[in-house]
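Each of the next two complexes has chain A plus one other chain: chain B in the first, chain C in the second.
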Partner chain A sequence: MAKAAAIPAGVAAKADSHDHHAPPQLKVAEPPKELEREPLVLNNRSLTWITDAIAGVCEKPMPKWWWPAFILSAGTMGMMFSLIAYLISTGVGVWGLNQPADWAWDITNFVFWIGIGHAGTLISAVLCLLRQKWRTSINRAAEAMTIFAVACAGIFPVVHTGRVWFALFPGYLIPFPNSNGIWPQFRSPLLWDVFAVSTYGTVSLLFWYTGLIPDLATLRDRATHKVRRFFYGLFSLGWTGSNRHWSNYEKAYLILAGLSTPLVLSVHSIVSFDFAVSQVPGWHTTIFPPYFVAGAIFSGFGMVLTLMIPMRALFNLHDIITTRHIELMCKVLLATGSIVGYAYGMEFFIAWYGGSPYELYAFKNRAFGPYWWSYWSMITCNVISPHFFWFKKLRTNVVFVWIVSCFVNVGMWFERFVIIVTSLHRDYLPSSWGYFTPTWVDVFTFVGSFGLFMTLFLLFIRFLPAISITEVKAVTPQADPHHPLGGAKGHHH
Partner chain B sequence: MNFPLFFKRILAALACVGILTFATARVLAAEHAEAPKAVAGQAAHAETPDAHGHDAHGHGGPDSSDIVQQFGYSYLTAFMFVLSLIVASMFFILIHHLFDAAWSVPVMRIAEHMANLIFPWGFAALLPIIGLALAGKLHPWMPLTDWSLTPTAAADPSLAVKSVMFNKLSFTVLLLGIFGFWAWMARSFRGYSLAQDKDGAAIWTRKARFLAGWGIFAFSVTVTVAVFLLMKSLQHQFFSTMYGVYYFAGSMWTTLATYYGITRWLQRKELRPVILPNHIHDLGKWFFAFTVFYAYIHFSQYFLIWNAAVPEETFWYVLREKGTWEHMGFLILFGHFFLPFLLLLRIDTKMSLNVMGPMIFWAWLMHYVDMTYNVMPVLYPKGLNITLWDPLCFGALVAVFGWAWLKDFRAFPAWPQKHPRLKEALVHHEIPKAGQAAAHH
Partner chain C sequence: MPQIFPKWANQLAPKLGLLAVLVGTVAMAGVTYYLTPKYTRVGYQPKQPVAFSHKIHNEQLGIDCRYCHNNVDGSWFSNIPAASTCMNCHSLILKDDPKLALVRESFATGKPIPWVQIHKVPDYVYFNHSVHVNRGISCVHCHGEINQMDEVQHAKPLSMSFCLDCHRAPDQKIRPVDLVTQLDWKGQVDGKQLVHDWKVQPGQSCSTCHR
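Take a look at the complex of A and B:
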């Protein structure tokens, strides 16, 4: 909704030729001082400073903390793959799944990671279409996070089938012509997930890579080692920064943004169908698709804040990822957290309104049954904690914001756990009731998925520009010929 | 613009919608005919008192031959239509302040005056609905209740469980309270905006943001409750968590189309100094976005109910698949989504009055069809039945509300004169090349 006068990355000159101003007779006053917008790059930084600051992160030797962090993450990732090998060789019984809770941590983890994978494409595509210039400082890392989160998510539904070779070969998930005429169940939302997630992952990867091309060329041109120059040169696809290149780039970026936007909505809507198409009380509710999408954006932004706040501090990027960026992300958390809160309330309201005793019991059981602790953890983290962000003082306190962002991550995991486990563990027949308890394999497989995520993220900041150099430059005053400091008029540091 | 070609295309598009609407209905009817048992099962359920609003004892159902009820349902349909414009305008103002938006400043007065139609006109228009409802001429459950909060409809369990909300007292008090709150909120927002016209002080922006902050929560709850009471409760047995969002999505769609039309009209008059092609394009984009959002919401609601096939929910759609209601359903599918979606995809069509002019009227027609689809099957379960009351009620309400809006618009400055984001709104740089030409013609 909010939109400033916009110049898309790299087309400042083009936009200039279409410039329209208010008629000269209309005198418009400047906004009051206290309502002026803060700049998106602080301290009037020059274009060279921006290039040095961002490219420097992956050009200079990594700081001392990087190797221990990488080894720890890679070790945790190794643990996950070992546990998956154990599961495949032994059977899904090593997890705590059993009747009536046939789904528990596996699908919880899947939905959790898919949700986190939403923020990147949302920031890149939806905010790009809405011309939200503040996205430029955070979109690259968020896009990377999307891809890594989708990789983490993809593991769980495949592995939870037990005999994964059936999932990947003709049978459960992949349609494959075969002599026995065995086809997947096309009416199952789990199969729709396969297509939705793989399409989303592919387009997100393309989007991320397209945006990287001009920056990879910058790294190529700055590279001092021939191996680095070769690889950056290879992946920058011969980019020279010519007008034709920029024109094609802008078109491709916009088309991918247009394609990605419905994908952002579709993926989590289809994930919500995994539950909502059923008749299980607590799962079958019509608000699930938009509620899941809002929840995914909520959790995605939570993770972006969890990662970006330390990254900003560790690489001294305060002038590029400013307090304004953090504040705006807090507001997104507040908005999406409120939508999620509306959905929680609506579910309870309709459980009462509908008059179905089963539906009402499912929700009472959520809040006051054996899993009450998970429900109230979810409410505390997702509904209550974002409301601290009504206060500017708290939005601008980065330590506090980081803590709340961690709460959001925890809360969104609990949300999926609550939806899945509390709806399943008490069936229509009390004789079928049960209580799900995770095994150590459940717990450490999930912990290990964070290892995979962090390993990929650490490699990303090591070798690729974690912030889009070209797009950040496009939102500086220098890129705006109408700004008092625009073009070559100002003195920049 | 090649007008003959253009009109040929529009006619072709409308013909496609018509063919798809009727052909799809025919195909499905043929499919249903092949499975008489399944249909009989569904129909049997649909014929139960629940589906048509009768209580368990068969009384209290609407009577389509009763002229007062005919008027009541037509009036309610028209009222829900104009209420859409008011409710969506309120939301437009709320998010404008919450998001600190700049682009929407030039059209804010359009929204502020539209939201303020809630008082006295919205109130006045609500009174006949309350009167008709209390007289038992609208909501089939009303005769089963009284002025107390205690359960009085034990014979209908689905009504008994929510008797706190579904009784004469709650119905009246809740609706009057909600409309009163909306009136106060709309009046406050416009008051802050007009006060800022005089001094340009930041305090008015701060006050508006504070009100918008908590107002958005109150707004979402009150819209949901109002829509449940006014429209959904015509079949109180039906429940869908999406219903409030569904009404909101359709309302935003129609309202954005209306803003587009008003802005184009005033672009050469009162709003000439502040409306740039980019504002037109922005409104067109939002219109397009809500075309998709409405379809997403309605599809999700329908799909999940259809797929789960729980009789307590499906009866609502089963009723709407009978007779000509099925055609209306397909008209919504193709006319509310596919036609505008395909026409609005391009930048130049969003800027072209030749396309958007008819599209605005089409959006009004489709939203009216949508409201009819929600309200009328309760009174006319066998199919669409148009009476003289329909154009009379719609025409009268639109005329009164339109006149009231115009009176307000003429009485105050046409745009927020000293809005802190006005300057920003007037320096839109990025204007689509194709659209610029279209906007000037």
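Take a look at the complex of A and C:
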């Protein structure tokens, strides 16, 4: 509360503006310039401007690029579903995985997409509890990304089971009494994964939706068309903005933030258990949970930047998603990228220090074996590229940031590929060594998952406010009665 | 602000929630009842090419199961008798009965009678008749009271849990080996003792049956 001293002054000033008997003028002391942070909404935009700018995106007709982008994405998504139909009707042999690499692109893609989601949860839950106000401009889109990424992630483990209908049949993935007289293996991290991911999906969806309710009501009230009014009205659940609604909303939001916070850590920890609990050299590593979580946040922020930078340019949202926001996200990339880099180093150290020749071999093979190209792609993208962000000049260069964010996405996909395939392709017995090569079905199914992701994201920016109107307003000076510009002083219209 | 929804819409959300719970419960219960072997397999009674009655042969005439299924205690497979087995008696009894025409034809030509298989475990299940029969598991446990059937029908579900129930508690079903084909035997026996004496250790791991 650095502004505590300003409170009496602010209150007095407010009283002053309503009082016509003109008592002695009280001057509001402006905070010293050097203590003022760069504002989160630039150009001192009014509350109305914020509503218009954000709601306008989904009210005005979509710009010309939207339809081609949507058709391309939906087509790519259709390709993925066709390939999945081909996979199910023919068998998992249409993929390139086989002994000894029984997991390959399928689980790589699963971990990749699940990881992407973590930025949304971190931004919405952890930064909310830590009262990081800068989250407000990016949390909505990041949460949407989380949900869409979980949807993409969920596809791969389900279809890789082969006879998919059994995976969905009660008793196989979901514990349920069945005519086989057996339960899923509760000691297996693969089952923990089912719970972790489904909990994650559910809580993320609830969190996202709860946050959307006041904004949906805004869109409902602004809607000019009957159908729009009906649907926004339906999903805003009768929100009127009463004190009781706000009070319930804030409580629910805080509870969900509390529920989501452990999920930031637990989901990817459990995903890492899929590997760490096994005894495969290269997987059986205690550093996996924290390393996976850091990697997930790293990849998630990479994807947030990849999407948000074009979005703010295309919809002219520079005043709300400011360079400061991008810079802060770059700092998160730098921090988590450094953790990931440290983990890569530590894995090698332990492989040597642990004294297990198999472990050491697995890591040597990773860097210098037949998959050396994937390992060094990973190192280039994940270890080297974030360190450009030590420099403010580069953090504030939006084009450069966007390029690096793409490198992060690529690098994090390679990380999972390296972990999964290089550890599996060399078994203990040289007779069962192999080399995994993806088939065209592998490649295009993965490409297709981006189609699903982008289709959902494009629909999201088409129909829902991509930035939280409510929460952005709450961090403006106007919303802060103690701020020199805040409260009902009437000079911010 | 104008009303978009009528007042009853306030009740809609909890009602829909309740409906979802009900539909979910009914769906789960439906799957459990209708999509399990207890429903899908029990009662299967195809029309057989020859109206052979187990009731007459076993119950009335007292022919032991193993007179016809004579390899059941020596093989994983319980054989279906060839027509020659039938003709041991039917060359003298009912030798011109039209109901037995197919049997005589099969005997003459060597072409098997096209019996319709009723009890069948999936291809990925390994099941051995002899190991069960030789350790006092009666025919009746899996095939039901065949001795009472004029036409054979699928009496037990033969689901995986059906197998496991017994593999988990063999003492409930075990009986002296000489009583294995006495399908209506209702006597008492110390199952635990037999399990112990015969060192019966029914496997419960996947590879016991899925080899």
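Throughout what follows, the second predicted complex is superposed on the first by the 450 of 493 C-alpha atoms of A that agree within 3 Å, B and C clash if a C-alpha of one lies under 4 Å from a C-alpha of the other, contacts with A are read in each partner's own complex, and residues count from 1 in each chain.
Following the convention adopted for this analysis, a residue touches a chain if its C-beta (ideal position, glycine included) is under 8 Å from a C-beta of that chain, and two chains touch if they have at least 3 such contacts.
Remember, predicted model here, so these are calculated numbers, not experimental data.
Look at A:G75: by the touch rule set out above, it reaches neither chain B nor chain C. With both structures placed on the common chain, the touch criterion links A:Q279 to chain B but leaves chain C unconnected. Contact with chain C, but none with chain B, is seen for A:R229 once the two complexes are overlaid on the shared chain. Within the superposed three-chain model, A:S179 lies in touch with chain C and out of touch with chain B [touch as defined at top]. In the superposed model, A:G91 lies in contact with neither chain B nor chain C. Of the two partner chains placed by superposition, A:G56 touches none, neither chain B nor chain C. Once the two complexes are laid over each other on the shared chain, residue contacts for A:R220 go to chain C alone; chain B is not touched.
In the superposed model, A:P310 lies in contact with neither chain B nor chain C. Put simply, chain A touches chain B in their complex at residues 1-8, 15-16, 18-23, 25-26, 28-32, 34-35, 131, 262, 265, 269, 273, 276-279, 284-290, 335, 338, 342-343, 346-347, 349-350, 352-356, 390, 482. Those residues of chain C that touch chain A in the complex are listed here as 1, 4-5, 10, 13, 28, 31-32, 36-38, 157, 159-165.
On the side of chain A, the complex with chain C involves touching residues 169-170, 176-182, 220-221, 229-230, 233-234, 237-238, 240. Put simply, chain B touches chain A in their complex at residues 95-96, 98-104, 157-158, 160-162, 165, 200-202, 205, 213, 216-217, 220, 224, 228, 237, 239-245, 272-274, 276-278, 282, 292, 296-297, 300-301, 303-305, 307-310, 312, 418, 420-424, 426-431, 433, 436.
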